[in-house]
Amino acid sequence: MSIAPLETPARRAFYDKIDKSSMTALWTVLGALITPEPKSACVPHLWRFADIRAAMIEAGSLITAKEAERRVLILENPGLRGRSSITTSLYAGVQLILPGEVAPAHKHAQSALRFVLEGSGAHTAVNGERTRMEVGDFVITPSDAWHDHGNETDAPMFWLDGLDIPLIQFLDVSFIEHHGDDAQALTRPEGDSLARFGANMLPVDQTSGSLTSPIFNYPYARSREALDQMRRARQWDPCHGLKMRYVNPQTGDHAMPTIGAFLQLLPKGFVSSRYRSTDATVFTPVEGRGRSTIGDTVVEWGPKDIFVVPSWKPVVHEASEDAVLFSFSDRPVQEKLGVLREDRGNA
Amino acid sequence: MSIAPLETPARRAFYDKIDKSSMTALWTVLGALITPEPKSACVPHLWRFADIRAAMIEAGSLITAKEAERRVLILENPGLRGRSSITTSLYAGVQLILPGEVAPAHKHAQSALRFVLEGSGAHTAVNGERTRMEVGDFVITPSDAWHDHGNETDAPMFWLDGLDIPLIQFLDVSFIEHHGDDAQALTRPEGDSLARFGANMLPVDQTSGSLTSPIFNYPYARSREALDQMRRARQWDPCHGLKMRYVNPQTGDHAMPTIGAFLQLLPKGFVSSRYRSTDATVFTPVEGRGRSTIGDTVVEWGPKDIFVVPSWKPVVHEASEDAVLFSFSDRPVQEKLGVLREDRGNA
Amino acid sequence: MSIAPLETPARRAFYDKIDKSSMTALWTVLGALITPEPKSACVPHLWRFADIRAAMIEAGSLITAKEAERRVLILENPGLRGRSSITTSLYAGVQLILPGEVAPAHKHAQSALRFVLEGSGAHTAVNGERTRMEVGDFVITPSDAWHDHGNETDAPMFWLDGLDIPLIQFLDVSFIEHHGDDAQALTRPEGDSLARFGANMLPVDQTSGSLTSPIFNYPYARSREALDQMRRARQWDPCHGLKMRYVNPQTGDHAMPTIGAFLQLLPKGFVSSRYRSTDATVFTPVEGRGRSTIGDTVVEWGPKDIFVVPSWKPVVHEASEDAVLFSFSDRPVQEKLGVLREDRGNA
Amino acid sequence: MSIAPLETPARRAFYDKIDKSSMTALWTVLGALITPEPKSACVPHLWRFADIRAAMIEAGSLITAKEAERRVLILENPGLRGRSSITTSLYAGVQLILPGEVAPAHKHAQSALRFVLEGSGAHTAVNGERTRMEVGDFVITPSDAWHDHGNETDAPMFWLDGLDIPLIQFLDVSFIEHHGDDAQALTRPEGDSLARFGANMLPVDQTSGSLTSPIFNYPYARSREALDQMRRARQWDPCHGLKMRYVNPQTGDHAMPTIGAFLQLLPKGFVSSRYRSTDATVFTPVEGRGRSTIGDTVVEWGPKDIFVVPSWKPVVHEASEDAVLFSFSDRPVQEKLGVLREDRGNA
């Protein structure tokens, strides 16, 4: 463990002098810069969907989706207030589209995922194709792709937004363009992408420069059915139960280059082994109830609640009913850079 | 074009002398070794399923699947007789399993695909999992994986076998082991692989050393539905109509390392542009009728017929009905080695 | 361009209320979060080596390398003071080791590069091998690899340190361990890594899980000679002159997963085309003099000076003598995440 | 082990009948098609360079390089006579260029390696660059690249040619074009490729579609020096001594997509452990003497001799002097297709 060297008057004078030349003595800050373990201000926290929903309904009466461009309430980690971050690298918010509303077309360098919490049939359009969304659907709007949302149903639509906004800001590579129209032109029939790329076949001459999956809606009905089929094998991971990651069918890599998304089944009564990893993770249950012990914090969760597990904090999940949890983190980034660490059971 | 140098008596004497030392003068054979264009003995040919079926039924009365180990009639390219090859690098045959029969468990370095032609419900088991097969299903038995077949239905089952036998023989890497039991033990429920790897998700900690897809049955029902969905986009490739390749979801590469498999829709009335490629290809229509002009050869095809297009022979397909064609070739090998060539339209 | 919606009393009240629940209205911060172009506080700046050197010599009299653990003066971007960063994602500092000193062995998740500015023969040890360093050598200490430095010569040794400290801090994946001994045990002869991995051959059974190059010293003598050889081809890139990136011979990728390092020759009189990219870059000339116009800032540079070009700021380089520039940036990160943008000439 | 089923008259009649329809019963040939172990006709054999040289000198008086296009004597495996093959998949020959001669420019799909046996200073030109060749240099002429050879020295030049001719023939993808001129135009200075790609740096914007190394001459002086440096670590592989593979610096993969090339040091007195692999390998010693036991065959070798080890035949090497062996095989093909097998020590 490095202890900062004593500060003598001579040293102090030296620090002040070099400060004028935009220099700082490493040994005065080394301990804070390179910590023995991950040590951010990010804390465990749970937001109840009931509270979010109430606030969103009120927001709905205060501003239109169009005026807001996106009517979203950011879930700010209590330890990272003012940074629009739920973890150090990721952003999360809940978006509401009321019947008849649109969220106008734009595109940006930031990658976004949507995970539908409530409602049925509102749509997102990406690259000229529209998809109607249902609860539990995992929807992607890739980096630099035109996208717009609309709700032609008669009920409000709520979804969780997960974006790499803090990462893009940190890397200093932000770009955004506004389309001008509320909705982009539709050039492909609904369902085309899923059929073309999702049936374990690819177009014979397909070559894509994109790192993002060409599938932009992974329907819950299909993912859920797969979990049901798999559970019959009775192979439970002690830390994860039955945990799947959404993939880009062109590469087998994560569906998005900067955000990993996961769907996980915990059977009734399952208690996971202690687990920790360096990718701080945002969870939202789709079905079932249970609780998670995150370091010293216990969160009780039910459908649509949203909670966060910080980097390297040990977590234990307990399911009091069959539970399905969606989660996302910056795991693809940490894997690509070779810095991901995991600690299974002996945390 | 290189012309072989004149043979003089002195040269002839020299050739004879060095022959004793296991040496040959390159210039006497160069023209035959390195040809300006692909120039094998492989010829276009079509086998009618009706003929194959009749022969197989007769075979069924002459030998059991068990005595034969595999009751298969090899489709030998007329230009390559005696080499058990349908193209220079690939093998094709039609296999029959009668009600109550088994094809005992074995494993070999050779990779195999099965494409079901007739029958419903006979099974193949691979790596401890059984799959029931239907017409049009694309089934894989990977290199060095235990596999056995059985028919517990009351009707005969016919499928097309495609293997890399000539390639493995050429590379001199053949291995086979016999299991001893007719059927391997089943350790996973039916459908587990498709659910686990086929729903555009992968197990979170999945890492595989295999180059072969972990999905071993790509059901026709699903593939066909995808084609129907895609055709609504009305994007036809002039040479291929709507052609998809089966992929390994872990990599996006071909489903098998040595054999590429494809499913292709040709709408009624479609006439393809002339196309040629260096990967000699075996076709079998699943639905519909039409004809293909292969160089100077015309073949009229219908469901379950099997025909071969040699390397670099220009082909034009015409569909008189909506047609779905399955095909396979050594394309993955040619791609991995960087030798694949295609010529679109201007052949 | 998005304009923040008007703040009404009702909205203000709402913002205050949701603030208590760790929520923030996206539309109040969207413009700042997702900017039309990169927009960090990072500014162009140049540090004169003469100034750095004088400060370091003074530091040498104030603290030992051992007490400091590393005697380094951090070059803090004037726009990012207090963040120990030269760009938003990278750290740079200058390290001094006096004759007879050691910088004790430790290892950390952070990856480090060293680029030697002054001195000859001091050493760095990595993974049991020692390398003696000369001016212009590019030296790597990989993530999580034991490393220590020492100077057994009779002159001070100065080098530029480039690390991914801010990135590792941002991703919340910092780990450090102290070895206990000043120097790790040496298990391989000096020069072994360069011979084993640097001669365009690799050990026949070599397989490495590391994303970092197994070569840890790229000698300047060799790199410089290669540039001299290449310049004879007279192929100059209008934006870069003759610019090379250091590579990991096992993959052809960048030598380090988080930091790209480059060596570049600008012939006397060369004036580059305007160029901008999203990877903010730190430059240090090894030979020659010239100036660079970075946005509206002009910096005059000579050997060992250090200057920074922020993300998306157009730069023009002019060489008044044959010049060789070393540079580094987070390009590998941006490439792996698919967010790198470049703009050549028409900036 | 599969025993061919009994041939009954009825079966015989059936075989004759289906033969007319280009069909064969698998069970009559299965045992020969899928063998328990590799079982080609390829045999161990050694050619003495003295014998080859004498024959080549005679060939030199019988035909010019230009008339022959390439004056090469093919080394035909005694077990594969008439197939122009040294192993089932590869071709080897020895080429002679006399002073003042040229081997005119052509290009073909086949990839070629040259390993220089005798002479100094004759040249090969590839892609507009010329390289002068010395004994032990490993030179590549990539698939579909113009290449020509010439000898402007006053002594004959001999080298070993290794090509994938049988493989390209088997895959039916042969193409050749003749340039028309004896020598292609030179567009790059000699040594440019080695400097540009061989110094562990790559051009910053380099992207290549080729699977073949952009370095086309790996000088022996450099490779040999690396081996000398490495041997100081005293890490000997029991099967291989110190064995390196030539790599493509852009990928870290083999230098050629179809042929793996290796350079190996066996210290005086070294006796290797028994080793076998499925890639039949051609060896040629550059320095030193020794003997190799290949199955039941013993070959005594010295500089420039050429010998072949068939697939899966166990081999033991013994070096009576410090020895350096060059070798090549189809290992990249077997690795890419996932069929390579090795057996170390317990053969």
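Every chain is named by a letter (A, B, C and D) in the order it is written, and numbering of its residues begins at 1.
Note that a contact is a pair of C-beta atoms (placed from the backbone, for glycine too) under 8 Å apart; a residue touches a chain by one contact, two chains touch by 3 or more.
According to UniProt, the chain labels map to these proteins: A, B, C, D = Gentisate 1,2-dioxygenase.
Since we're looking at a predicted model, the values are computed, not measured.
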{"item": "Chain D against chain C, contact positions shared by both copies (same if over half, else different)", "value": "same"}
{"item": "Label of the chain whose CA centroid is most distant from the centroid of chain A", "value": "D"}
{"item": "Averaged-CA centre spacing for the pair chain D and chain B, given as whole angstrom", "value": "30"}
{"item": "Centre distance in Å when chain B and chain C are each reduced to the mean of their C-alpha atoms", "value": "52"}
{"item": "Geometric centre distance via CA averages, chain D-chain C, whole Å", "value": "42"}
{"item": "Multi-partner residues of chain D (each touching 2 or more other chains)", "value": "none"}
{"item": "Every chain pair in contact, whichever chains are involved", "value": "A-B, A-C, B-D, C-D"}
{"item": "For the chain B and chain D complex, residues of the former touching the latter", "value": "1-2, 5, 8, 10-11, 14, 17-18, 21-27, 29-30, 33-40, 42, 45, 47, 51-52, 55, 58-59, 62-63, 67-78, 81, 84, 87-89, 91, 93, 108-110, 143, 165-178, 210-212, 257-258, 278, 280, 310-312, 330, 333-334, 336-341"}
{"item": "Parts of chain C lying in touch with chain D, wherever the complex brings them together", "value": "188-189, 191-192, 194-196, 198-205, 213, 215, 218, 222-223, 225-227, 229-230, 232-233, 237, 240, 243-252, 255, 262-263"}
